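Read the structure below first, then the notes.
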Amino acid sequence: MIPRYSRPEMTAIWEPATKFRIWYEIEAHAGDAMADLGVIPRENADAVWKAKDVEFDVARIDEIEAVTKHDVIAFLTHLAEHVGSDQARFVHQGMTSSDVLDTTFNVQLTRAADLLIADMERVLTALKARAIEHKDTVRIGRSHGIHAEPTTMGLTFARFYAEMDRGLERLRNARDEIATGAISGAVGTFANVDPRVEEHVCAKMGLKPEPISTQVIPRDRHAMFFATLGVIASSMENIATEIRHMQRTEVLEAEEFFSKGQKGSSAMPHKRNPVLTENLTGLARLVRMSVVPAMENVTLWHERDISHSSVERAIGPDTTVTLDFALNRLAGVIEKLVIYPETMLNNMNKFRGLVMSQRVLLALTQAGVSREDAYRLVQRNAMRVWEQGADFKTELLADTDVTAALTPEQIEEKFDLGYHTKHVDTIFARVFG
Amino acid sequence: MIPRYSRPEMTAIWEPATKFRIWYEIEAHAGDAMADLGVIPRENADAVWKAKDVEFDVARIDEIEAVTKHDVIAFLTHLAEHVGSDQARFVHQGMTSSDVLDTTFNVQLTRAADLLIADMERVLTALKARAIEHKDTVRIGRSHGIHAEPTTMGLTFARFYAEMDRGLERLRNARDEIATGAISGAVGTFANVDPRVEEHVCAKMGLKPEPISTQVIPRDRHAMFFATLGVIASSMENIATEIRHMQRTEVLEAEEFFSKGQKGSSAMPHKRNPVLTENLTGLARLVRMSVVPAMENVTLWHERDISHSSVERAIGPDTTVTLDFALNRLAGVIEKLVIYPETMLNNMNKFRGLVMSQRVLLALTQAGVSREDAYRLVQRNAMRVWEQGADFKTELLADTDVTAALTPEQIEEKFDLGYHTKHVDTIFARVFG
Amino acid sequence: MIPRYSRPEMTAIWEPATKFRIWYEIEAHAGDAMADLGVIPRENADAVWKAKDVEFDVARIDEIEAVTKHDVIAFLTHLAEHVGSDQARFVHQGMTSSDVLDTTFNVQLTRAADLLIADMERVLTALKARAIEHKDTVRIGRSHGIHAEPTTMGLTFARFYAEMDRGLERLRNARDEIATGAISGAVGTFANVDPRVEEHVCAKMGLKPEPISTQVIPRDRHAMFFATLGVIASSMENIATEIRHMQRTEVLEAEEFFSKGQKGSSAMPHKRNPVLTENLTGLARLVRMSVVPAMENVTLWHERDISHSSVERAIGPDTTVTLDFALNRLAGVIEKLVIYPETMLNNMNKFRGLVMSQRVLLALTQAGVSREDAYRLVQRNAMRVWEQGADFKTELLADTDVTAALTPEQIEEKFDLGYHTKHVDTIFARVFG
Amino acid sequence: MIPRYSRPEMTAIWEPATKFRIWYEIEAHAGDAMADLGVIPRENADAVWKAKDVEFDVARIDEIEAVTKHDVIAFLTHLAEHVGSDQARFVHQGMTSSDVLDTTFNVQLTRAADLLIADMERVLTALKARAIEHKDTVRIGRSHGIHAEPTTMGLTFARFYAEMDRGLERLRNARDEIATGAISGAVGTFANVDPRVEEHVCAKMGLKPEPISTQVIPRDRHAMFFATLGVIASSMENIATEIRHMQRTEVLEAEEFFSKGQKGSSAMPHKRNPVLTENLTGLARLVRMSVVPAMENVTLWHERDISHSSVERAIGPDTTVTLDFALNRLAGVIEKLVIYPETMLNNMNKFRGLVMSQRVLLALTQAGVSREDAYRLVQRNAMRVWEQGADFKTELLADTDVTAALTPEQIEEKFDLGYHTKHVDTIFARVFG
């Protein structure tokens, strides 16, 4: 977790204080359920809630842990300092540390997912607004980095919207998958704790009970969670790369927002670097790198080994914090992206009409010219454009072999941009409903 | 794709003949739609269907491609040889190669997913049967590879069932995500082909129209598909690893099926190797290795570049073929796994009752013995078991300090396995409904 | 292994016939060593060499394997058909299958490395030739995709040369690391075979004896091998990406070679796609994807498990074949790359002299103008270039505040390209010696 | 970077104060070189050294950066506060930020490598000591987790030594590869800074000059660095997995050290978990996850983009800190590993002599018994061991068909462990010289 790539909303989820608060809630709710079942006295269960408004002292817990060498015991000892050690003596009864730790981790991941869902919604809002704004802003479509046929900037935003919207749906699935808790004991048999305790705690913590756990919650859920973040990060990189391409000097169809006052920019107006989207490209790699370790974590020996733990201590916070930061940065970039429609037209016309050569070729053959002849006709005019910088339409209109097959109006029509944008509304309706 | 790790059902999906067949169907259905729209003559559309029962000649198409250097044109040329080149002249009109190629790839992935779904169902059936069979077969649960508390073999199968059932659900999602097609032209604007053609073709091919495509179908769908296969493979490795552990000489709680007649096994009865599950461990890595490249494929330059293509030529077939083979192998291993309940009991009793020491410790404190004393009592008896091979229960019953706190019946009760299995039915009900 | 991305030189290494040939040589050399040690009769050792010129019948061996279910035994049986089963009865004595299999795999990887070394040398030759050819071809250097300062095309080639030369050095190390063999028996103790047999066989096969093996050769060697190929593939992608950028329509400083006769290109001269380098980008991903599984393969249970085997059956051939093909494709692309020096100059001058603004700013301050004033002076002239398309130098020469600080000669000098290229020879001497 | 998995020696390398110190040294040495070249006044160069003993104020630099939005400028501003802004005015002249940043990063990686080299040496020392200690401690070798033939614990340590020794050699190569610096300006042409400045600074900082750089040092060097760490981590996991297996309850041939006083361990002596080696397994994944992003970082657009930067901010510290911690933990585990030779013998004899069945089979055939008969003889005795727990040797000696072929002495000899350990010294000589 790198401070400069972090937002406090997300880092807060991973702070020790938050963790201890969740531990506390799990223990307190478990106490309630045990009291309801008659396993422990009601008054002891109630007593735990006395600490409801306490901010646990992280330094004090660390101090105790230095002695006990066990984090959960250290916390319970500290809790007893607030609740009274006699009152607290039934806390955690029949539970194992993993009951608390694993359920807490999933609470954190679920909350992280909720933030990421909000981030995605912000990205979607920005993409939709820019799509509508530039629905009819024509620019050249490119395959292989080479001019192909006209499209519109709005379609570019719309497809990123559709892609991110799929990402949001996947994220919602991943969130639901990870929102489980388990309080099932040392090997998952509920030997020392009633399954109804698990049910109560999960209901209170916004989780579903894990149908079958061992000492731990199965890690395929986590693998799916991080895999999903990896896919979303890849889509983010896709958008970032488009913007980086648009901003490169020779293209310059868009620029990341650059505040007027920003020094350097106006003495070197050509040197405004797409550093935010370059950064997003790198952040995507960081998010993605958690995917394979999360998958390697799925295999545990028998009812659990602890190999997954160190991995999760790192990727749990790092990956969610990085993606949260990145999605917000992405949203900001999209919201404020400076777009140059005029340059788009200039770029499209770089080879004065040549992008229409295929339409002309088709028109000639449809007008009855043989394929070979049509090809030859287009070629000789195209080469004058390519080599001498002539204008393609002008050349065609001046070529009597061409005008023998096509009327000036027909030729003119082949250069009509409306031909390419006629279905934009249809596509928008598909994407935005 | 390695022949020995392949099943013909899956490899068939990826054969050239299948690919050409799908290409044909797409072109023929597209022709129908165009005829309905009045874009091409009905009779030309109908003529294409004359080739309905043709098995296309792959060698002939390759021969043509050697000249044209273009696979789709080569196929269309060959198609014209069947349909008649005049009749065929409207085939593919207004479409780009990617319309056919990308839609075909998704048809193949969808069919591959259907096979994988069936594979998963076979695995689930096997797991369920064995879970029910061994619902009450007690064995020791282990954390960190170390004996913890008793559980049952049925619970092990049940949790693998639950995990694979989640995998199946994820696979169904992935299948739905990948089941889209696109016939939208060079940059996705439908400039030369009506969106209704796409709708018709997709309906006929069992796909949904891609709401917005460029020259290609967006690759986040494919990334999600391969990520999902990676998670399933990881769960498979989890199961395989459990079996490998069970079969190791010192544990020997289960063995992969070994046919009676198999030479070598009876002269060296101790040397039966879990080679199938070891193999599954390796195959899981092969499936997983497609995940990152599939994610790297998401980023394409502008309306498409072709960097993704070579990756997909490899991972499309390789990953689905490998996982299909592996899941079937896994199902077979589970179906026929030889289980040794007696060894399970022997293993559990290796340290004669010691796994119950925690329950005894708890009972002593609940009986009013101080924590320190209870610990000391358990310790001195436990050490006799550990160091001298004594029987824990016998020692406890002979220790007057222990019997001062607990009756023989109470001590006896702590060694009751029923204590650990009392919620097995509850868990089974959660998993199997 | 995809046929279209394969060269016969490399695929030959991985053919069954090659494998059997290596098996044969290992067995025959082992026999020699055993005879020298007096372990087996000399005549039996000699008899094996009768098969020296035999081309083993792969179909026949497969047929036997279908019965024996064991590949090495099948081969030995077939060998006995050539040598005579009495003569052959000491073949393989005291050895385990893995002795043959692992040593063979390393022979194959070593040979594959030799081909890759030759490939790298071809790439280096091409890069060096083009570097020298374009040593002084000035083009704009870009950071963040934005024009920065002038550099030369030769420097671009030279840095790719230096990078690939490091790759070659790494590859040589990896080759040496993998060039070991082991004939040490079931758990590596040489219980049934003398270490001198291993030494003899390795010497004959061009390998070093593995200092300590178990049943298998340790897999960290293989992990390092595939990691090295992954780094080389990444460098290849770096070069490919540069070319893809250079070819994009708006830049067009270079194009992959396109034969004059190639249809389509001249009727659509703007539509020449960098499909080879796009392909190389994808192939780099395929090479890279073997790295993590190869690392996962390092961990084996005790003296061996067979989880690594399926992984290696795939990545052994696939990765070496793909990289071999890719490096040759890369060499071809570089050798024939069409370079447009004139476009380079045009691109550099897109914002008429503006890339020199920083030098002018520096010159003004060095001439005693305050930073603030210098900045203001540069800015006002730069903005006329940026917004009105004026020429920067002309503007500066006409700005009396500027000329008050700098003479026309001094201003002129700031636009001298020689300033940027003065150390090219120094750098070339560093790279090419 | 997770505090609990960190050692201060390594984290110190990555602290802001260290970074600023390196920046300072680079700038000061660069000043010296420029003064020697007559580019700046000697006194200004000398003046910079006034700050030689200054501990730079990180908070103050952050404060300035909050205004300037540029880290290097913030540092230079702060430096001027110490040196005097007039004296400092030539600092950094002609250099770009990347000259400082990239060279600093490589200084840090080189120092990190030096620590890792020392770590590896500690691991090697421990492995060697334990190898010698247990050179003759016999235990069963296992393939596929199944008993195969006897080996010794010393051989296990020796092979880990050999593997880690290769790792050390690779690490030294990686260190040398990364130990380069570059001071070559905005696009690497040395336009504004003489190459001799780079040479001087590099010599002073313990680096070699990068033969050809752009704005940045080429990232293939870094990819190789992290790939090497990934291979080492994989070897570490290999060792950790061996220990985890040895400690599992049913095997119990070794245990991680557990201090006598450690509570819990003596009341539950069976429950000592290999948590350190499990942790190392997870840490290996964390180290390995940096490999692919480091390879993705190799491709930069033209003379640089900044996509690599965020990746390196994470993996630079995280990966080196994690591996440094892990290697020290590993060394400690090996140094103090508690080994149980008696259990090793017990495990080996689990199936009373059965592991020798293959030797007996061989002896019978060498004594002239036909393969079929020999097999039948071994089988009938082996099955009595397997099914009834008889002793294999006793059974053989009592089987008159066996004793007809082999004398009691010959049978006895087949059970001699010395047969398996006779080449241990040879192997040790290979490994340790």
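The first chain written gets the first letter, and so on, giving A, B, C and D; residue counts start at 1 in each chain.
Keep in mind that, in the parts below, contacts are C-beta pairs under 8 Å (C-beta built on N, C-alpha and C of every residue); 3 or more make two chains touch, one makes a residue touch a chain.
In this text, all values refer to a predicted model and were calculated from it rather than measured experimentally.
By number of C-beta pairs in contact, A-B leads when A-B and A-C are compared. Each chain gets one centre point, the mean of its Cα atoms, and the points for chain A and chain C are 33 Å apart. In this assembly, the C-alpha centroid of chain A lies 25 Å from the C-alpha centroid of chain B. In chain B, the residues that reach two or more other chains under the touch definition are 142-145, 148, 244-245, 248, 273, 275, 278, 288, 292, 296, 301, 305-306.
A complete topology is adopted by the chain contact network, contact being made between every pair of chains. Taken together, the chain B residues at the contact with chain C in this complex read 2, 4-5, 244, 248, 273, 275, 278-279, 281-283, 285-286, 288-290, 292-293, 296-297, 301, 305-311, 313-314, 318. Per the touch definition, chain D reaches chain C in the complex via residues 141-145, 148-151, 155, 158-159, 162-163, 166-167, 170, 173, 177, 185-192, 195, 209, 211-215, 218, 220-221, 223-224, 227-228, 230-231, 233-235, 237-238, 241-242, 245, 288, 291-292, 295-296, 298-306, 419-424, 426-427, 430-431. Interface residues of chain A, counted against chain C in their complex, comprise 140, 142-148, 244-245, 247-251, 263, 266-275, 278, 292, 296, 347, 350-351, 354-355, 357-358, 361, 375, 378-379, 382-383, 385-386.
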